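Chain naming follows the written order as A, B, C, D, E, F, G and H, and within any one chain the residues start at number 1.
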Amino acid sequence: MDTEIRRLLEEVQKGSVSVDDALLKIKTEPYEDLGYAKVDFHRKFRQGMPEVIYGAGKTPEQILGIINSMRGKGQDKILITRLSEEAADFLSNQQGFEYKKDARLVTIGYKSKADGIGKIVVATGGTSDIPVAEEAALTAEWYGNEVVRLYDVGVAGLHRLLAHKEEIMSASVIVAIAGMEGALASVIGGMADCPVIAVPTSVGYGASFGGLSALLSMLNSCASGVSVVNIDNGFGAGYLASMINHMI
Amino acid sequence: MDTEIRRLLEEVQKGSVSVDDALLKIKTEPYEDLGYAKVDFHRKFRQGMPEVIYGAGKTPEQILGIINSMRGKGQDKILITRLSEEAADFLSNQQGFEYKKDARLVTIGYKSKADGIGKIVVATGGTSDIPVAEEAALTAEWYGNEVVRLYDVGVAGLHRLLAHKEEIMSASVIVAIAGMEGALASVIGGMADCPVIAVPTSVGYGASFGGLSALLSMLNSCASGVSVVNIDNGFGAGYLASMINHMI
Amino acid sequence: MDTEIRRLLEEVQKGSVSVDDALLKIKTEPYEDLGYAKVDFHRKFRQGMPEVIYGAGKTPEQILGIINSMRGKGQDKILITRLSEEAADFLSNQQGFEYKKDARLVTIGYKSKADGIGKIVVATGGTSDIPVAEEAALTAEWYGNEVVRLYDVGVAGLHRLLAHKEEIMSASVIVAIAGMEGALASVIGGMADCPVIAVPTSVGYGASFGGLSALLSMLNSCASGVSVVNIDNGFGAGYLASMINHMI
Amino acid sequence: MDTEIRRLLEEVQKGSVSVDDALLKIKTEPYEDLGYAKVDFHRKFRQGMPEVIYGAGKTPEQILGIINSMRGKGQDKILITRLSEEAADFLSNQQGFEYKKDARLVTIGYKSKADGIGKIVVATGGTSDIPVAEEAALTAEWYGNEVVRLYDVGVAGLHRLLAHKEEIMSASVIVAIAGMEGALASVIGGMADCPVIAVPTSVGYGASFGGLSALLSMLNSCASGVSVVNIDNGFGAGYLASMINHMI
Amino acid sequence: MDTEIRRLLEEVQKGSVSVDDALLKIKTEPYEDLGYAKVDFHRKFRQGMPEVIYGAGKTPEQILGIINSMRGKGQDKILITRLSEEAADFLSNQQGFEYKKDARLVTIGYKSKADGIGKIVVATGGTSDIPVAEEAALTAEWYGNEVVRLYDVGVAGLHRLLAHKEEIMSASVIVAIAGMEGALASVIGGMADCPVIAVPTSVGYGASFGGLSALLSMLNSCASGVSVVNIDNGFGAGYLASMINHMI
Amino acid sequence: MDTEIRRLLEEVQKGSVSVDDALLKIKTEPYEDLGYAKVDFHRKFRQGMPEVIYGAGKTPEQILGIINSMRGKGQDKILITRLSEEAADFLSNQQGFEYKKDARLVTIGYKSKADGIGKIVVATGGTSDIPVAEEAALTAEWYGNEVVRLYDVGVAGLHRLLAHKEEIMSASVIVAIAGMEGALASVIGGMADCPVIAVPTSVGYGASFGGLSALLSMLNSCASGVSVVNIDNGFGAGYLASMINHMI
Amino acid sequence: MDTEIRRLLEEVQKGSVSVDDALLKIKTEPYEDLGYAKVDFHRKFRQGMPEVIYGAGKTPEQILGIINSMRGKGQDKILITRLSEEAADFLSNQQGFEYKKDARLVTIGYKSKADGIGKIVVATGGTSDIPVAEEAALTAEWYGNEVVRLYDVGVAGLHRLLAHKEEIMSASVIVAIAGMEGALASVIGGMADCPVIAVPTSVGYGASFGGLSALLSMLNSCASGVSVVNIDNGFGAGYLASMINHMI
Amino acid sequence: MDTEIRRLLEEVQKGSVSVDDALLKIKTEPYEDLGYAKVDFHRKFRQGMPEVIYGAGKTPEQILGIINSMRGKGQDKILITRLSEEAADFLSNQQGFEYKKDARLVTIGYKSKADGIGKIVVATGGTSDIPVAEEAALTAEWYGNEVVRLYDVGVAGLHRLLAHKEEIMSASVIVAIAGMEGALASVIGGMADCPVIAVPTSVGYGASFGGLSALLSMLNSCASGVSVVNIDNGFGAGYLASMINHMI
């Protein structure tokens, strides 16, 4: 940022740029304002990853407007999360549009080449946690990571988890996804020597209180190296896993 | 109960017992009323185990009164739980009085002979859970059980737990005690083929919310055969474990 | 486990088993991996009771896959819990399939012979608690227990409960099921001399907060011998009751 | 109120009272303003019972100021609740001052003659609930009621409660006080045919969450005729019980 | 009870009743057991008011069965609460059946003559609280009370409430019903000199958390003489108000 | 009020008004009582702003009755909030009726001229918060304020917010609306030198717990000058903003 | 900000300021960095009010360092909130230091002249709320406002509040402070035609849950014009009241 | 693991290792059992980082025992967290013992050389968050990381944070620590392009509910790349940051 301003100031000094133009440049908004949304174009450079559209709470028309705005700026890769089937139908004729129903995820554009440090393991406690896991796994793959899926390896049948000890011990990052008592994160956290991203899910009933039980469990994990994202936040976990897997 | 009343009725019919005496017998209260407490003598017969004095919230004087009332009725074995050190000092000259400071537990009278079906395993996730575990273990021993202590076998270092697979798989009943994320109950529940009594503890900080995290975790255990008692309720777990270990 | 490994090692020593075969045997997974589920076959031996399919959150197709996997391994007795009517319709043509709509429970295969220590009493506070009670009772019966049903014996009409004093006092294990204030567990716990498994239900409104009131009530029971399972967890209570009723 | 204003208006019409005097009278404040407190003198007439001083959160000096203000207006009977021992020491030389340490209650002036419809039963689940019970009982006695104390009759030993069936069934109002699971209110509510005022107490530990468990339990009581006051609010229960026991 | 047993014992003594008959009489259940419900006939005598059917969570068929059981015992007055429109349709051809849709309340049989001590005021904070208020008012009327309805007198427009000062100050019992901040109970409690039964409602949104806000507010009322029932529990309030209004 | 009563008293003194007429005037209720609602006409003078109809929980017929009552008293400007589409259809033929579907808001009558001190900025964290924002913005406009809308300026893309620094720093009042973590209020509160009204929204999922997360966040704002209204309460924020923007 | 940058750019263009100096000026931090704190000097200009030191959680030494830093920049008026007595003793020899023990508030420097639009009323429900009220009142006075204190005017004695109708109806801003049920804010909100800032306090016991009851109550206020600050946040309320009272 | 077992099997095959020795080796416990604690020696290899002693809830004697056990196995670098001053005094004469009082952290042995990918930024919202921050920073330094401390950069004074844009944008990992509304994590998360570990603190009062507010806020962060650890868990954040900073 500094260098940009310095260069600008030097041009003002040299007279090659006028005061008004410089002022304008400093103030130019790095996003397009659609009224209902401000589409962010600098993010790609600022954070190294293109903008993602969070689909929940937006009308299909609003989402289409955002897609068009992105494309108008040459953004050819777009990820849309939490998209309802209805909205997906409305948008399905967009070029390159691919909808994964379970994960409620849309990708537009080609998947990045897997070029991370190692593999990302996505593990779930049960079968019902799979939609959240797919949101995480597909996100990670889209951002250029090789993903190993270990589904239904909950701690109540420890041998199922232990049978995958090698995948767990050789992973670069692990996403541990579980509802109910959420113990999976602690057990995996104790076995692995890499960062573990815990995702509590709303799977369960009664005293699971919509994922609160798994959330508290994971926050209190006695294993080191474990951190937690929001309940059912598969995207957030996949995104962070990719970020860690692409450290230098 | 029926047979008692039938016998009484028959004696009334025969004339060997008067109406007033019969009425009195039916109404006789099976406890001594000390005003501040009603000491229960029928319990021994009703539930097979003598009365226990819950020490918290009672003055030392009240506790002494209850002890004396029990002894007056020939009760020679008494257990007192949650007794503060101050109260223990006040009562320490009572005959047979033994105070375990960590567990805040008092026994008066000899320990019962271990005659249960098998062994009771008392396991803890960490070192800080030991006071609750000792309350459970000492209670179980006092009621006549052999107890195996497995302390600091939390799930974040799974090999510590797996090293004791044999004790766990051959136990008659297991008491699984843990604070923080409380995952121990689920993992043990998945390994064992006997009833597991889970005791959440208030060990932890922050989002453990005084044991709420471990409590919810244990209630949501995906392992079958697990049930839960109140936070820090070592006595309740030890008592129930003994009850189960003495089935027929 | 030890003996198995010892025998294997001895065969390796004798040369009757090759290193690779031994390695394979040690690593062979005792479950079938369907991708979305890992069907567990060792459980029957490990825990003495065959695998149960938790129906909620699984598609009918996934459940069918699991059933087929089990049958392929000779598992002829299967229990499915929390199965929606729709899923039950999809699966209804499976051989031996029996669906109890109230309890949302499916049994495949014959019911075990009742061979427990004694009888299991399943009691409810009100009429609305019956679906949970039936889940518990049918589970217990399926695992080979005689069940006595005492429905609508809530504490606000104590004489209804007291009229069944004999069933309660002679039970081997009691499952006490109640919503609202959940006082049934404490009152039964005080009358009985056997383990009481308390099941809070989500029956009620307002400050029952989806079963939280009954749950807290039961966890704080002042009666000894009471433990608690998750809200509406009839299966868990029935399974544990059977386990206790089959001690030695 | 109407008649007072009518009379005043008539006097203004007649000229026997000036406009300014009438205005003043309408506006005259029926309390003394001490700055930190507004002592209420109309209350005695408005509600039939003299003002009570809630001691918690007031300095001893403030309380003394309020007492003096009351006495200055001829108030000879004063009740002070939740008074710490320190404040009680400071005020102990006041004439007629009587401090009940357990109940943290002060009475100044003679106790009213018991003239209610019938007897008020104050019952507790355990010994630790007695301080709250004494606050209720002493309050009721001070307002002119005969009180029957039934302490330590918790539902886990039902025979202790049933032995007092007659007191319960012949009571005019019952105050049911319990911590932990708070089941006492429901059981008494089912036995009695009079209003039951339930007082949850903060007695307990772990999942009693400072009285929340008993509070929810009592609010969800399936017995009719039960209403609830705040946790540990012995005064409120005693006051309301007296009000009901003095219905014309 | 005593006198009954005494008489029975005397007849056994005289030989006019056999032991077996006496035993039977003592054991005869004062209710009819329908399997799914135990219909209570002693309640009328025990509590002075006939059984009420809580409609929620029961099938129309179960309710019909209970009605028939009651009528078979000569119970000609029945109240059904929380009955859905569907169930009401199913039962509508029952003799004397009257359904108040707003209050979801059914009365069978004639309304009792109003013979209470005074009038019961039923007040609401807003228009949306009226269904709960009607449940309370109709219940009170059915049990023989004159009811004054003061609807939409919430504290944010104090003059609307003050305009009804006379009704409030002359009431025998007041039922104060409000959602949102629930301040109505405190304000009325400060104006009235009679018992106030506060009913929090689930009316509101956001931080009203389904009635929790009003519930806590009412429990913390600084006005004396206020007690609280469950959220939306109009029946409970009307029943208790009638009980208080019929104190000898 | 004083002056009115004084004038009335003077007229009584002069004999130009009779006692009965004076009494009537003092007692005349400044609202119309529709039974289910008390329509308030004094409010316009008491609070400077006409009555608003809260549409939720009222039947279309009740709302129509209130509208007619208002019009009968010459009220020509009416605001209706939280009106469902169904109710809006029912009322749509009312003269001057305008329904904004997103904001669920109805205006009847002309919008007031913008005459506030300055501009009111209404800002949202995301696109999904717009319905609440429109409720606030339209309310403020209706009460005579110029509104600047800044939508989708959440803190995760700070440059979007900083680009509007001028609007924020020159605002008279700011309404900051956000769900999820609700950080917008603090960041704006730190940038602005005017009152900030924070509106948490129920936008989000998982640990947003229906707006609780944003609510707590905003209440704990470390920026001075921030206060909070109920979750999703756009109307309340717009109304208060207008009030502040019309200070003398 | 714009004009500053424009001027700087013009000077760069003219050559009167070098590129490096301009870069430095743009980057110069408008605060002093003490390591443990960044003392903010621009705030006075940015927000019109000087920095306030939040005393809780800072060591006396840290606070002294911040005072010195401020004074070094010519800041002669400093407000310190939530200062413990111990810290106040440590700092008491600072020039102009004045400590109000109840409010835990320190002022350094002269109080601003009262120059607001009108008067700020600070009202409390009870005597125990006074410390919070004093924090609000002293803050408002320090920032140049005339404050009217109305203490102990809780809604349970409505006449105490109504006696001050004139102060309330003529106020410019009102700070309504109450614990327990927090109804004061709604009642005042309905009487006043100015902004009402509600401050819940932690005064109360049992179900007040540390101020949660009053907080929820105030957030759900049915009166318009009410907004809420954090529990016990007297400073925040006084600061905001002053801000509103100084709207141009 | 596989290769180890394979080698062992090969040696058994060759006869160079006996069956019993092989069995022993497979079973040898990789920890020392002190009874109250199981000291873990494999962890160093398993997770790449030596064991850490969690000091809270352990007696000084227990901690000493663990230290000695570690040293006996050649562990020369030990970290102790959450150590009270009393315990630190007891242990202070241990060789190499260094106690940081604020962070309640002990290091034994030399600090590792900083060899991470880049710098770890540790930022706090306020001065009161520093103890937690120091726990994180010292932990990260001890594990071989260069740490940049940015304290008191809370979002309410955004320029303080923006002044450090360069440190934030060039960081390898950021630990964002804040209490109260916890907005710091979102704002930093939006600025940075590296993983952000959010640590909620218990700093605050009232509705911060011991850190719950900041915790929920951080979990709901709308910025991508943010994950959360337990309230006040500085160690966990520092450890995880180091792990990420040492990827390959």
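By our rule, a contact is a pair of C-beta atoms (placed from the backbone, for glycine too) under 8 Å apart; a residue touches a chain by one contact, two chains touch by 3 or more.
Note that the structure is a prediction, hence the values are computed from the model and not measured.
Participant: If each hop has to land on a touching chain, what is the smallest number of hops from chain A to chain H?
Facilitator: 1
Participant: Can you list every chain that touches chain E and also touches chain G?
Facilitator: Touching chain E and chain G alike, sorted by label: D, F.
Participant: Work out which of D-E, E-G or E-F repeats the contact pattern of A-H, with more than half of the residue-numbered contact pairs in common.
Facilitator: D-E
Participant: Hey, how far is the Cα centre of chain A from the one of chain F, in Å?
Facilitator: 38
Participant: Could you give the separation in Å between the centres of chain B and chain G, each centre being the mean of its C-alpha atoms?
Facilitator: Roughly 54 Å separates the two chain centres.
Participant: Just curious, how far off is chain G from chain D if you go by their C-alpha centres, in Å?
Facilitator: Computed value for the inter-centroid distance: 38 Å.
Participant: Going through chain H residue by residue, note those that touch at least 2 other chains and give them in order.
Facilitator: Residues 2, 27, 126, 157, 191, 206-208, 212, 215, 219-220, 224, 230-231 of chain H each touch two or more of the other chains.
Participant: When you check every pair of chains, which ones turn out to touch?
Facilitator: Pairs flagged as touching, ordered by label: A-B, A-C, A-F, A-G, A-H, B-C, B-D, B-E, B-H, C-D, C-E, C-H, D-E, D-F, D-G, E-F, E-G, F-G, F-H, G-H.
Participant: Which residues of chain D touch chain B in the complex?
Facilitator: The contact residues of chain D facing chain B are 126-128, 130, 151-153, 157, 159-160, 163, 203, 205-208.
Participant: Under the stated contact criterion, what part of chain H meets chain B in this complex?
Facilitator: These residues of chain H touch chain B: 27, 29-31, 35-38, 40, 42-43, 54, 56-58, 62, 200, 202, 210-212, 215, 230-233.
Participant: Along chain E, where are the residues that touch chain G in the complex?
Facilitator: The touching residues are 125-126, 154-158, 179-183, 185-187, 189-191, 204, 206-209, 212-214, 216-224.
Participant: Could you please specify the touching residues of chain H with respect to chain A in the complex?
Facilitator: 1-2, 46-49, 52, 117-118, 165-166, 169, 172, 191-195, 197, 215, 219-220, 224-231, 235-237, 239-240, 243-245, 247-248
Participant: Taking the complex as given, what residues does chain D use to touch chain F?
Facilitator: Chain D residues touching chain F: 2, 5-6, 9-10, 12-13, 15, 19, 22-23, 26.
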